[in-house]
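The following pair of complexes shares a single chain, chain A, combined with chain B in the former and chain C in the latter.
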Partner chain A sequence: MATRGERIFDIFLWLLAGLVFVVLYAPVAISALFSIVEVRRGDILWETATLEWYARLWQNQSIMDAIRLTLVVGATSVVLSAMLAVALALYVTREDALGRRFIELAVYLPFLLPPIVTGLALLMFFSQVGVSRGAVAVIIGHGAFVLAVIYRLVVTRLQSLPASLVEASSDLGATRWQTFRHVLWPQIAPAVVTGSILALALSFDETLITSFLAGNEMTLPIRLWAMMRVGFTPEINALVTVVLLVSIALTIVIGLRLRAGGRE
Partner chain B sequence: MTVLLELDAVSKSYGATEVLRPTSLEVKDGEFLTILGPSGSGKTTILRLVGGFARPTAGRIRFDGADVTNVPTHKRPFNTVFQDYALFPHMNVARNVGYGLMLRRRPKREIENRVAETLEVVGLSGMLDRYPSQLSGGQRQRVALARALVCDPRLILLDEPLAALDAGLRRQMQLFLKSLQRQVRTTFLFVTHDQEEATTMSDRIVVMNVGHIEQIGTPRDIYYAPASRFVAEFFGDNNILGGTISDGRLQCALGAFPAPPALVEGSAALAAIRPEKVRLGTAAEPADIVFTAAVIDVVFAGAITQVLLRPNASPEAIITAKLTSGAAIGSLAPDASVEVRIAREDAVILPAASP
Partner chain C sequence: MSPRLARIGLFVAAASAPVVFVLVPIAAFLIMSFWRVETSQLVPDMTVANYAAFFASDTYPRVFIETLQLCAIVAVIGVALGYPIAYLIWRQHGRLRYVLLLLFAIPLFMSYIVKIYTMRSILGLQGFLNQGLVTLGILDQPSLLFIYNRLAILLTMAVIFLPFAILPIYLSLERIPRSLVHASADLGGAPLASFRYVILPLSAPGTIVGALFVFVLALGDFITPQMVGGPSGFTIGRVIWSQFGLAFNWPFGAAMASLLLLVAFVVISLAALIARRQRV
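Take a look at the complex of A and B:
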């Protein structure tokens, strides 16, 4: 039985949690609200409620271009870094791997460094080797950035597998490739998928590195940024709400997957 | 019998640590050979070298006359049963067992028949669709066996496969493995630290200690004629009495035992006496050594009662006697004085230092 003091403490904790929740999400809720109704001199005009701004987004060519680029960049960079992450993880978890620490450092640094440093470094590097700013540069940039996330999940999964699985497979006559295909891949696939979704969410929101590398092409967050400099319109609120909903959806999927993985 | 597997001065070091001293060993075609030793004795190292999971630092391994020292694991013509079974968790029993055949690109029909046959041999028919997580320890063990047997290897390596099972199931599996080995006529190379397990199943036993072989022989050879103090103590709890060789006999505090002529006059030696050869009572034979001792403890263990004795002539040497349980022994009380007899020919005389 909880004592009176404990109950008061519990109520206090709930209030605190509620306050944090409000501070974090009220602005977001207001943004979503303003994308539907008009506000004049502090009064919400419910009769103006409309989804028109969402429809306008759909018709806005530059926004649709930005959405398309965001999806292309996200998909390409995630697929490329997923493949690289799996290859690196397989190598690093081998008993005789050389330069394990160095590889891990190289993988984690772009993710851990301030994005402004990563972005600037990539920009200077690309201009030296002659890769012009644009979609390709952004894809490479995002790939380097999200690599760490997929890599970490795959390495953790591989390390949790008993070494005898691989030994048993080769003992029964499997080549390295056959062992990967029949034994390792089915074991790490869920981790690769979870890592990729997480990476997709990161790529979707990434702004700073992208702003260095995008040039004239714009991903969604960059487009949003550009629009806000001109003026604050309900259209922006609608776009923010869309970005928000996609992010929330991805987060829920990741959360569910990580929890399911932990229960295994 | 012809030699199937041959280790020729094989050794293994990790950095400066030599886990296996140069070791030579012949495994005969069709035999059940057990490598027995405590942990750190190098027994698992031998198995890993034969399986190809590690490469020897020096020496050659030959299989059926062909040098396989540098042949990669997946091309070696024998299979392993792992200590943790290493079943593939995402495959059901049928796919686990059929894995080796699938890799060999056998027709589907043949794989199905062969898998069903092999599962029947190990007593697991009708479990085809179960996943490893749905099986008991003993069943997983049998799946692992079937998976190793399915490709008809001439040699199977078993790495302490019974260690994870409880005592009752372990005894049952020991008998099963022995009869299975006779039935499929495959050579078994079995690793264990359990002396009873080795005795029950093996045609021959290799006793190992800190990276080298102490003795090779049939379970009877090793039981009745241990070749070193380590074997005598590890294999069946021998009583050890220290002494010196003089006049061709081992002189110790409790009496003199005839010593083999190989032992040098004046050198330190010891007598190993099996606990079941120690007798209590008055019916003396002329060849016995006789001494009085105080009873320290009487431990009843069903058919056998263990009596711990402290000889009056040599109080620091504790002698264990294993006797058939009975009323006379049951009434022995601690501190009682008893007459102890040991037949002279029942002692195995060994040099004190390991060869």
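Take a look at the complex of A and C:
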């Protein structure tokens, strides 16, 4: 039986969680509000309510360009990163692998270090080897940043597999490639997909590293940052609302997949 | 080819991409912190002038210390709010626990820029906070107390990075075997005693890791100070960023970022050490 004190404590915890919940979800509520009605000096003018801005969204060229670039950067960097992550994971789980910790350090660093350091390091490196700021630089930056996430999930999955699986396959005369294609890949594919969705979500929102590498080719967060200095129009708020809802949906998908994976 | 050579060859192939795209750039940037700028040109050199200029300056070391303090406070707020919430989630069962966890994880993936923008429209002169306080009669008129100063940076960072504290704390709570908690209760331990002697010590390492994580995230943030900090709210991240815009002094920026990297490296190593100990 819960004592009176415990019940009061419980109520306090729920109140705190509720308050934090409201603050954390304020971005969605406020963007949605500003996209529908006009707010002047903190007063909400309900008579101005309209959904017109959502229809006009598609006509803003600079925003559409930014979204297109964001998607191209996300898809390219995630595919490249996923391939590299699988190759590295296969390598470090080999029994005769050299420098395992060295490779893991290099993989995890861009994810752990403050993005200002990663961004700066890549900017300076690129300036010396002649890669100019722009889409290519951003793709490499995002690739380095999200690699750790996909790698981590794939390695964990590979380590959970019994060694007998590969041994049986080679005993039966399968080549290395056949073993990978028909034995290992089906086992790690779910981890690769989950990692890639997670990586895509990270790439979609990456701002700090990108700010050093983008130059004139702006991804969506960089474009929004530039627009923030003059204030968001209702149109931008409409866009932001859509983007937030998409990222919420994506997170729920990741959550469901991670939960299903953990149950296996 | 001998097996030994083959092994080395395979290592070189595997390590090449991480080395080229991660370690070489970091090395390049550490090296550039010893270069100098002459008439808007980068000059390769081996001078400690950038570091000397940093420590000789009246402002930069102070800004650096103040940034560390700011990030420490953000980390403490993260734990102070994050721990009770993680504890609440952990106490629930089945579907409710999972839904709560997801609800507090979703904000991790909400747009960072939009969060800053939202905080600005909450804290601003015409913002919702001021409107609320004026309506309640606490303030006579809207004030600039909450925007374009250090407090604004602190509040905004606290909100942005709080979800990053909740998750590691929750994971460390989840690792506590339920049997231990039950045993403590069966032995007549009052809930408070169970918490004090079982739950708190066992979740402490994860909590510290969460705090360190938030600290590093706050340390590298330069857009929040720029957007809500106003002219007085300078952090070291913002100073570094400015070296790549108007000031155009990359080597000096690199030197300051190297110091920041050093702090981050110490903090991350500490977190890794604690995390590894916990698993044993």
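Observations on the structure shown:
As a convention for this text, the second predicted complex is superposed on the first by the 257 of 264 C-alpha atoms of A that agree within 3 Å, B and C clash if a C-alpha of one lies under 4 Å from a C-alpha of the other, contacts with A are read in each partner's own complex, and residues count from 1 in each chain.
Just so we're on the same page, contacts are C-beta pairs under 8 Å (C-beta built on N, C-alpha and C of every residue); 3 or more make two chains touch, one makes a residue touch a chain.
The model shown is predicted, which means the values in this text are computed figures rather than measured ones.
By the touch criterion stated above, A:T175 is placed in contact with chain B alone, chain C being left untouched. Judged by the touch definition given at the top, the superposed model places A:A121 against chain C, while chain B stays out of reach. In the superposition on chain A, contact of A:V22 is made with neither chain B nor chain C. By the document's definition of touching, of the two partners only chain B reaches A:P186; chain C does not.
By the touch criterion defined above, A:S164 reaches chain B but does not reach chain C. Applying the stated contact rule after C-alpha superposition, one finds that A:L112 touches chain C and leaves chain B untouched. Contacts of A:A87 after superposition: chain C is touched, whereas chain B is not reached. Within the superposed three-chain arrangement, the count of touched residues of chain A is higher for C, of the candidates chain B and chain C. Listing the residues of chain B that touch chain A in their complex gives 51-53, 72-76, 79-80, 82-84, 86-90, 99-100, 102-104, 147, 151. For chain C in complex with chain A, the touching residues are 7-8, 10-11, 14-15, 17-19, 21-26, 28-29, 32, 81, 84-85, 87-88, 98, 100-118, 120-122, 126-128, 130-131, 142, 159, 162-163, 191, 216-217, 219-223, 227, 237, 240-241, 244, 250, 253-254, 257, 260-261, 264-265, 268.
By the touch criterion given at the top, residues 3, 6, 13-14, 16-17, 20-21, 23-28, 30-31, 34, 41-43, 84, 87-88, 91-92, 96-99, 102-103, 106-107, 109-110, 112-117, 120-125, 128, 140, 143-144, 147, 201-202, 205, 207-208, 211-212, 221, 224-225, 228, 232, 240, 243-244, 247-248, 250-252, 255, 259 of chain A touch chain C in their complex. The touching residues of chain A, when paired with chain B in their complex, are 162, 164-165, 167-175, 178, 182-183, 186-187.
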